[in-house]
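Two complexes, one shared chain (chain A), two partners (chain B, chain C).
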Partner chain A sequence: MVKITLNRVSAVRDHWSLSASGTFNEGVHLVSGDIGSGKSTLAFMMAGLLPLSGGHIEKEEITTTMLSLQFPELHVTGLTVAEECASWGVDPDEILDAVRLAGKKEESPLSLSRGELKRLHLACVLAKNYDLLLLDEPFSSLDCEEKVKLCAHIGQKSQGITVIFTHEQNILPRVKQIWEIVDGMLVNCGTPPDAFTHWRHVPQLIERLTALGSRPENISLEDLREAVCRIQG
Partner chain B sequence: MITAEFLCYRKLTIDSLEIKPGITTIIGANGSGKTTFLKLCAGIAVPDSGSLLIDDALPRETETGWVNEFPDRNILFVNVFDEIASPLRFRRIPCNEIDSNVRACAETLGITYLLQRAVRDLSGGEKVLVSLAAALVHHPKVLVLDEYDSHLDAHSLAKIEQGIRRSGAEYVIRCTQQMSTAINSDFLLFFDSGRITHAGPPHDIFPFLKGTAYYPLLWGC
Partner chain C sequence: MQDPRIRIAAAAVLSLAAFVSLHGAAAVFLWWLVFTPRLQLAKRIRLVFSLILMIALFSLVLELSGGSGISYFARMTVIVLIGMWIFSEQKSGEFLAIGVWLFGDRAGFELGMIAEMGMQSFAAVTAELDRIRMAEKIKGMQWEMRSLVPAGLVLVHGALARAEDTAELLAVRGYQHGGTLCPAFFTRPLDLIAGMFALAILIFSLIPVSEFFILYR
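After this line comes the complex of A and B, so read on.
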């Protein structure tokens, strides 16, 4: 079974620090935290792209890792949209049809709107299976409908570890485990819905629904709609 | 009043629109024309035909603050203090006033701790906060925010909402994909394929969006 274990992992910079311990097993994990708390730093460390200030990371049965960065421009290597798809090892026609960009095959990726580029980037990333998939702010730049589609795609993943680093509050996929970074430390809040009790970054709607006696089972839009229906009938 | 008459720019078409002072939020799909409209309001672009006026003046003749979703595209200076101070320095404001204005603005947004940092060391969300401070420090009449909230956490957003309300900007025009942000608006515009299909206060608009991804579930609770 794939898993990644952080053993007293730390990052230290001037007056800022992050420490993280815990095991991420197969399934979808959510890591929340305030801006500047170290979500991206943690993602880089888990991807092996940033030296640790301390501690160590153990990976079991993880042979393929992908880190999707917050800003999709940073991934671009192709001069055209078709070349960009090919650089990810995916069929441009197939991908561009799926993300409604078939007419922009010969355009520069950097000429796409930010939403289009993010859609293209995520489609290329999600076209393959990785043992460890790290998604840094995958919902930024997407419109609400695209966020819903991304959640559906992530929800269909049946293997590997997917870790979503985000502060998105409204449209999220169903997750196995919730984590958060508080005061420079990674905290394991547990499994929904029990995790909601300890989760300091719990979305306002979940907090509200819980107060009204209709706690959702998980954090997905379907779970939230079901909980709202229980109140409103 | 912001008024648009027979406005055409690229794929955007607005026959008639009036926006009163307050917070106006634009929602809609990627590519529906939201950012295009914001660029026109900020004077970054000018209409191909028709007019857009802010209290009878052109946007380029109006004090405007602009925040891009990707702040890296607008940030000019190496250090946070210099970046926030830049709109005042360009206006040749006395140094002591610049110093006090920058510090007051940073305090309002809760980012005093960032003032001595290098911009390159900031997270995406922190860069948005710095850009917002640079947009607000010269007290613009119009504040234009392009999906500024897509890199911000809920706690920072709540603080910024207060900062925006207290900023003194007569018009705040913003677009967002966070319906929890859209709820806190005086006026909503829903864009679809380059046209405004719904315009009005949130309680008039959200019922039309029920069942879509743009309907805030929080609205019903």
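After this line comes the complex of A and C, so read on.
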């Protein structure tokens, strides 16, 4: 079984620090936290791209790791959209059809809008299976429709560990475990719906539904709709 | 060094001293050893190593083609060390304060603001470059000469986008020209001593060394 364990992992910079302990098992995990709380730093450390100030990370049966950065342009290595797809080892025609960018095959990836580039980037990343998939703010620059599609895609994943680092509050996929970064520390809130009681970054809608006595089972739109329907009877 | 006026003036005269003569460069190197945190700086600004490597390459070519490559290498390396020191000591808002102190609320404010934006942009580009290198690693690519073109495009694209955003923001806020600021500086005695030594080094570097060694002549 794939597993990644953080043992007193820490990152220290000037007047800022982050410490994290916990085990991420197979399934989808959500790491929430305020902007600047250290979500991206944690993602980089879990990907093995940032040296740890302390502690260590143990990976079990993880042979392939992928980190998707918040800003898709930083991933660009191709001079054309087709080249960019090829650099991810995916078929450009297939991917570009899927993200409705078939007509822009020969254009520079940097000429795409941020939203288009994010769509393209995520399609390339999600086209392959990884043992450990780290998505840093995957919902930024996407419209509601694309966010829903992305959630559906993530929800279909049956293998590996997927960790979503985000401050998105409205459109989220169904997750196995909720984590949050509070005061420079990674906190395991547990599994939904029990996690909602400890989760400081709990979305307002979930909070209101819980107050109305209709706690959703999970955090996806379907779960929220189901909880709303329960109120209406 | 606390006072940015002395720091910038010292950096300017030391760079000139290191550039004009080899013995000037040696004196500047000694100054750098005495008045700066030295290696802690090098650890923080990793770009320095690549710069020195690049200078070494040019120097080698110069030496092989009959020029004074070793002297060039020594002088340029010392200038890079001084540049590294001034960059690491620079704090946000200092250029603006110096601009206003030197040239007043209009031209000084604008010059200072441009310099501040330049520094911010440099910091952003450095951070982006780090991320790009990580992103290439994620894709399983090696950082090589071929990577420079797309990476350069991303960096230029990002810098232009940031410049556009800043320009729009200034226009939206109704900025036309100049601004008011009351610059305040804190000068330690050590700043003055370091500054005076820097000036002395410049004078020393401009005097031919042979003049000191009359007996030898």
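What we mean here is this: the second predicted complex is superposed on the first by the 232 of 233 C-alpha atoms of A that agree within 3 Å, B and C clash if a C-alpha of one lies under 4 Å from a C-alpha of the other, contacts with A are read in each partner's own complex, and residues count from 1 in each chain.
The definition used in the following text is that a contact is a pair of C-beta atoms (placed from the backbone, for glycine too) under 8 Å apart; a residue touches a chain by one contact, two chains touch by 3 or more.
Quick caveat: nothing in here was measured; it's all calculated off a predicted structure.
Annotation for the three-chain superposition on chain A: chain B and chain C clash. After overlaying the two complexes on the shared chain, residue contacts for A:Ile35 are found with chain B alone; chain C is out of touch. Once chain A of one complex is fitted onto chain A of the other, the partner contacts of A:Met66 are limited to chain C, with no touch recorded for chain B.
When the two structures are aligned on the shared chain, A:Val148 is found in touch with chain B, with no touch to chain C. Touched residues of chain A were counted for both chain B and chain C, and B has more of them. Of the two partner chains placed by the overlay, only chain C lies in contact with A:Gly78; chain B stays clear of it. In the superposition on chain A, A:Pro203 makes contact with chain B only, while chain C stays out of contact range. Contact with chain B, but none with chain C, is seen for A:Glu137 once the two complexes are overlaid on the shared chain. Where the contact sets of chain A with chain B and with chain C meet, they give residues 71, 73. Chain contact summary for the complex, chain C toward chain A: residues 128, 131-132, 134-139, 141, 147, 149-151, 153-154, 157-158. Remark: chain A residues 44, 47, 49, 66-67, 69, 71, 73-79, 87-88, 108, 110 touch chain C in the complex.
Interface residues of chain B facing chain A in the complex, by the touch rule stated above, are 28-31, 35, 69-70, 72, 121-126, 128-129, 147, 150-156, 177-180, 212-214, 216-218, 220-221.
Within the complex formed with chain B, the chain A residues making contact are 13, 32-36, 39-40, 70-71, 73, 113-116, 119, 137, 139-148, 167, 169-171, 201, 203-205, 208-209, 212, 221, 224-225, 228, 231-232.
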